[in-house]
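As structure tokens, the structure follows; a few thoughts come after it.
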Amino acid sequence: MKKLRVGVAGLGRLGRVHAANLAFRIPNAELTAACTVTGTGVDYAKDELGVQDVYTDYRRMLAEADIDAVAIVTASADHCEQIGLALDAGKHVFCEKPMGVDLAQCKRAEAAVERHPGQTFMLGFMRRYDKSYAYAKQKIDAGAIGVPYLVKCTAMDPASAAADFIRYAKAGGSGGIFLDLGIHDMDLMRWYLGSEATEAHAMGATFRHPEFRQAGDDETGVVTYRFANGAMGMMHIGRIGPHGYHVETEIVGTEGIIRISAVPEKNLAQLYNTNGVCTECVQSFQERFADAYLAEMEEFVSCALGGRQPGVSVYDGTRSTQMGFAAVESWRTGGIVKIG
Amino acid sequence: MKKLRVGVAGLGRLGRVHAANLAFRIPNAELTAACTVTGTGVDYAKDELGVQDVYTDYRRMLAEADIDAVAIVTASADHCEQIGLALDAGKHVFCEKPMGVDLAQCKRAEAAVERHPGQTFMLGFMRRYDKSYAYAKQKIDAGAIGVPYLVKCTAMDPASAAADFIRYAKAGGSGGIFLDLGIHDMDLMRWYLGSEATEAHAMGATFRHPEFRQAGDDETGVVTYRFANGAMGMMHIGRIGPHGYHVETEIVGTEGIIRISAVPEKNLAQLYNTNGVCTECVQSFQERFADAYLAEMEEFVSCALGGRQPGVSVYDGTRSTQMGFAAVESWRTGGIVKIG
Amino acid sequence: MKKLRVGVAGLGRLGRVHAANLAFRIPNAELTAACTVTGTGVDYAKDELGVQDVYTDYRRMLAEADIDAVAIVTASADHCEQIGLALDAGKHVFCEKPMGVDLAQCKRAEAAVERHPGQTFMLGFMRRYDKSYAYAKQKIDAGAIGVPYLVKCTAMDPASAAADFIRYAKAGGSGGIFLDLGIHDMDLMRWYLGSEATEAHAMGATFRHPEFRQAGDDETGVVTYRFANGAMGMMHIGRIGPHGYHVETEIVGTEGIIRISAVPEKNLAQLYNTNGVCTECVQSFQERFADAYLAEMEEFVSCALGGRQPGVSVYDGTRSTQMGFAAVESWRTGGIVKIG
Amino acid sequence: MKKLRVGVAGLGRLGRVHAANLAFRIPNAELTAACTVTGTGVDYAKDELGVQDVYTDYRRMLAEADIDAVAIVTASADHCEQIGLALDAGKHVFCEKPMGVDLAQCKRAEAAVERHPGQTFMLGFMRRYDKSYAYAKQKIDAGAIGVPYLVKCTAMDPASAAADFIRYAKAGGSGGIFLDLGIHDMDLMRWYLGSEATEAHAMGATFRHPEFRQAGDDETGVVTYRFANGAMGMMHIGRIGPHGYHVETEIVGTEGIIRISAVPEKNLAQLYNTNGVCTECVQSFQERFADAYLAEMEEFVSCALGGRQPGVSVYDGTRSTQMGFAAVESWRTGGIVKIG
């Protein structure tokens, strides 16, 4: 069995998810190197992942490690440069979302990908690989809902994690709630509608934690998009989900509707007690999308070994980012913003 | 518009439900008389129902009141005699369940009905008129689930009402949990399966309120039935529903299954909070079946005015009672009991 | 028992619902007169409602009929004038929504109500009297979801009725999808948020029936609202609900969320078959809101007899209409529209 | 990292699931040997699992392979002997359910386990490791439903697989529907109730495929159990689930109820179309319990490496088998059967 040798760059929370999947759960992948700038990252790589070839310098890993591919899970601002370096070094590249923090970066990533058409590039829009989202896409492509003309998205981080997100907002660099939390939904709208957004209108509100506003961000955001083919998108994103991590998506078509996860159930159990009939909910994106993180990496490995490109391209990264910036600008100015 | 003039016998909790429906919600019915043995009943009839012709003697109401029909909502032990008296007096008869408290009584009621084939007799198995149960029957008759071969029933009174039911059990005369609470499910099994029960096996348990056992009854009952056509029935009845009044029925067929009220929702609202996603539940049979009580009475009035017999016959009363007594005997003896 | 004598004006589809409720289901109301301009209306009044005092002239009914109150269920354009006439004639007034078709009319209705503070005026925003919506309001007032800051509304007419709505749109006078279909949701947003809308942004789309566009209307509408207290509203309205009549409302608060009718179930039965587990859906607003139409009329009668004003005032009519016109203007111009 | 070296015995459908989990998804396990009697099994081991050390003789694998443990996924009739041989050879043992096909075998397995208390033995009751079932157990142990006194189980194989099960029944050796399909539910009843069954009453029916009866088995079975502590169990098992593979379990306690998988959803998507609102269902136990198969094997590996015994003991195998035989005897004789 041919195996893809992968080096992971970044061993933060999400980096460890990807690294563990590559090391232990994907038969035709091998995690042969890691790059991390923290001591705990080095220990984790050696003790938990069994990777001995650990770097603190990304360029050195590219130059010296025994790898066919890299998985980039570093700070968002570094993604695009690291994409270019890896591709130029002849490696296949998996990059966590968002692709970049400004459009110029994204364009440089596009150029790098275009320079190396024979290498696999994949962006980590893992929701497309979640079995519910993939099922919806398959149904839609098979005509189950006719022509999709409206996508309605909800994404709420759990209220219990608000302190983390306030810290995150204060630290800056996340791009704010529209880019950070909304980017997956922007990609999904494009994917399901098969069209590009042309116009955005956004609003925000903060009712519980004034710290979000103080940090120049917002607790809740509402965006509507118009698409080139006349379709529309509605989005509600927020930081204070009372019941947990709530990601719900509804694709409305001329012949049917598919709704995903109206109840973000933790598992299949329901408790009947004095509160009524209750379903406990998932509490984090890691819990909700654990299988999707594995499935997307399996696809990346399969593409890289088979000389294929995955469904998510570098342009998906650029265009979702454009939708995100348009939302931010509309939210700031109070006006309607044209895209592209 | 021809109107049916009805006299109600009994103005307890359920008697008032029927009386108010007859008085105010059924266009072609008129509540012209009432019989009640309590002073509060008399006041209620005059002040709330606007009925001035009030009796304390059932025979006198039959003899003197300006009525075409009676609705019998008295103590169970009196039903069968009152059925006979009313039919012999030329009145149409609606009788609340259970029809009688022993088989001899039921047989006398059958004889009375047979003596007066031109008069309408209806037994208050109101679940058959609930829109969900009626929909299930219609679907089944249309072949939606193939041949039904198993009916699974659950009926739990709310834990909050346990003290009432303990008092009720101590008072005797209810017939115990199998007859009192299970009788509707016994009727439904027969109705949906289109066959009669031939064998019963029952067990009981008391885990929370020893008073049920002390009163010679049980807190929870489990019964399985075999039917003449080979079909089967499973029943779970109990007094301590933690979430409220739970009546759930499942009809299993060779091509499909219909399940009614797996979540006994109070209304269509769901609360998303730290308990997860919760649906509050109904708390009493009056709340759950308010519409069914109205619909069955509408059907009775329509039958009586139109010279028809309703779907529920006097024999349904007898046979369900037989199923109930078989369950009680099995529960007492620990053995399997043949029916009929 | 004191009874309110009511005359109904208009015996179209909805007029008959109100008339039948008044005639047969509300103990302390009496339908003593009717006004209708069609022959079938006259027959219906006499034969089905048992009303002999039937008029073809609204002013004559006000002048001659033995009535304390009128229920106005005529064409929308006539509502406001008829409100004024009835109030000036000393009658209590129930008026079906929408109150008027322009703001000037609404202001005249306000003036009429203000001239007669001792008479009851109620606008037919019946959803407030639906048990699920009323439960939500009660829960919110009791603090169950903290501070509500976002209301998300969906209202889809059934695809099976699209031909009717196309005819309706072509006929003009409905005010278009935003005013006709969205007005209830506009009222609900104000009611749950306790604040007035200050800004609207609307878009529309037609993907299945070009006739909607040809008639100067749209098949689907999307609106976002900003409210004075900083809260927000999102609305999706449409004419081609694939599964039936879908009205769903979600109130998002700082401590919890209440969602009403994510599955617009026809009843409590679920069918397990080769399609999976399916819940059949309601097919019309009459089916979904039958109980609410009764409950609102009970409240009107109770208010009129008791000298009270109901929760829905004449100003609710004006303000919802303003929200509707702002949506229409935004949809037409593509811009953001300020309200009030 | 210390790794457990495991040899798998049996590479049928389920053997391959276990083998792939051991080979690719459990970091601290290594699949170093396999035993299979078919040529396709040998190819699968070498090509798909990357195992070169392949045997056709179980005893030779025990004697020669570089293994610490064996995973037994062979024919049920061979399990108990193979358990004894492996334990006596000093290996840890994982054995797929059912443990044996008669009680004498089970007793010999018990003796083997007792001879080697220092080695890990685990029986494959994987449902206990399913996240929903494990969550329920945890909630119950934490007191969430008070004292559990009734467990209600449903297990239906999909109608689409009936031909396979008819062939299986004709081939004999499955032990029939009660033992083959019901054994997991029997184990769950004991686990959740914390008590042993003392009495069984069973019935069966065949309404669609007479072949089941012809093969001396039944299409559907219904069993009720009494437990030593007074609790009760109800079970419905069948071969013609119209919507797919349906495993549902309800644990009824004095303070609450937990119900698992009333809708055996395939994923989180719901389709709104002319059938209503539909959830597609899982179609096989492999699909439903894929994660549980992995989780139980992770636990086995962890126990074997850590010198621990898992929650499922050899006695769980014996006692569930006793419950199964009691059901079969009751079904055959029509009487009530005492256990133990």
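Each chain carries a letter (A, B, C and D) given by its place in the written order, and its residues are counted from 1.
Here, a contact is a pair of C-beta atoms (placed from the backbone, for glycine too) under 8 Å apart; a residue touches a chain by one contact, two chains touch by 3 or more.
From a predicted model like this one, the values you see are computed outputs, not experimental measurements.
The fewest steps needed to get from chain A to chain C, moving only between touching chains, is 1. Using mean Cα coordinates as chain centres, the one most removed from chain A is B.
A count of contacting C-beta pairs for A-D and for A-B identifies A-D as the more extensively joined pair.
Taking the mean of the C-alpha atoms as each chain's centre, chain B and chain D sit 42 Å apart.
Chain A and chain D have centres, each the mean of its CA atoms, that are 37 Å apart. Look at where the CA atoms of chain A average out and do the same for chain B: the two points lie 56 Å apart.
The residues of chain C that reach two or more other chains are 145, 242-243, 255-257, 259, 262, 265-266, 270-273, 280, listed in rising order.
Listing the residues of chain A that touch chain C in their complex gives 145-147, 149-150, 152, 201, 203, 205, 207-208, 220, 222, 224, 226, 230-232, 234, 236, 238, 240, 242-243, 252-257, 259, 262, 334-336.
Contacts from chain D toward chain A in the complex involve residues 1, 23-27, 50, 131-132, 135-136, 139, 144-145, 255-262, 265-273, 280.
Across the complex, chain D meets chain C through its residues 242-244, 246, 263-266, 270-281.
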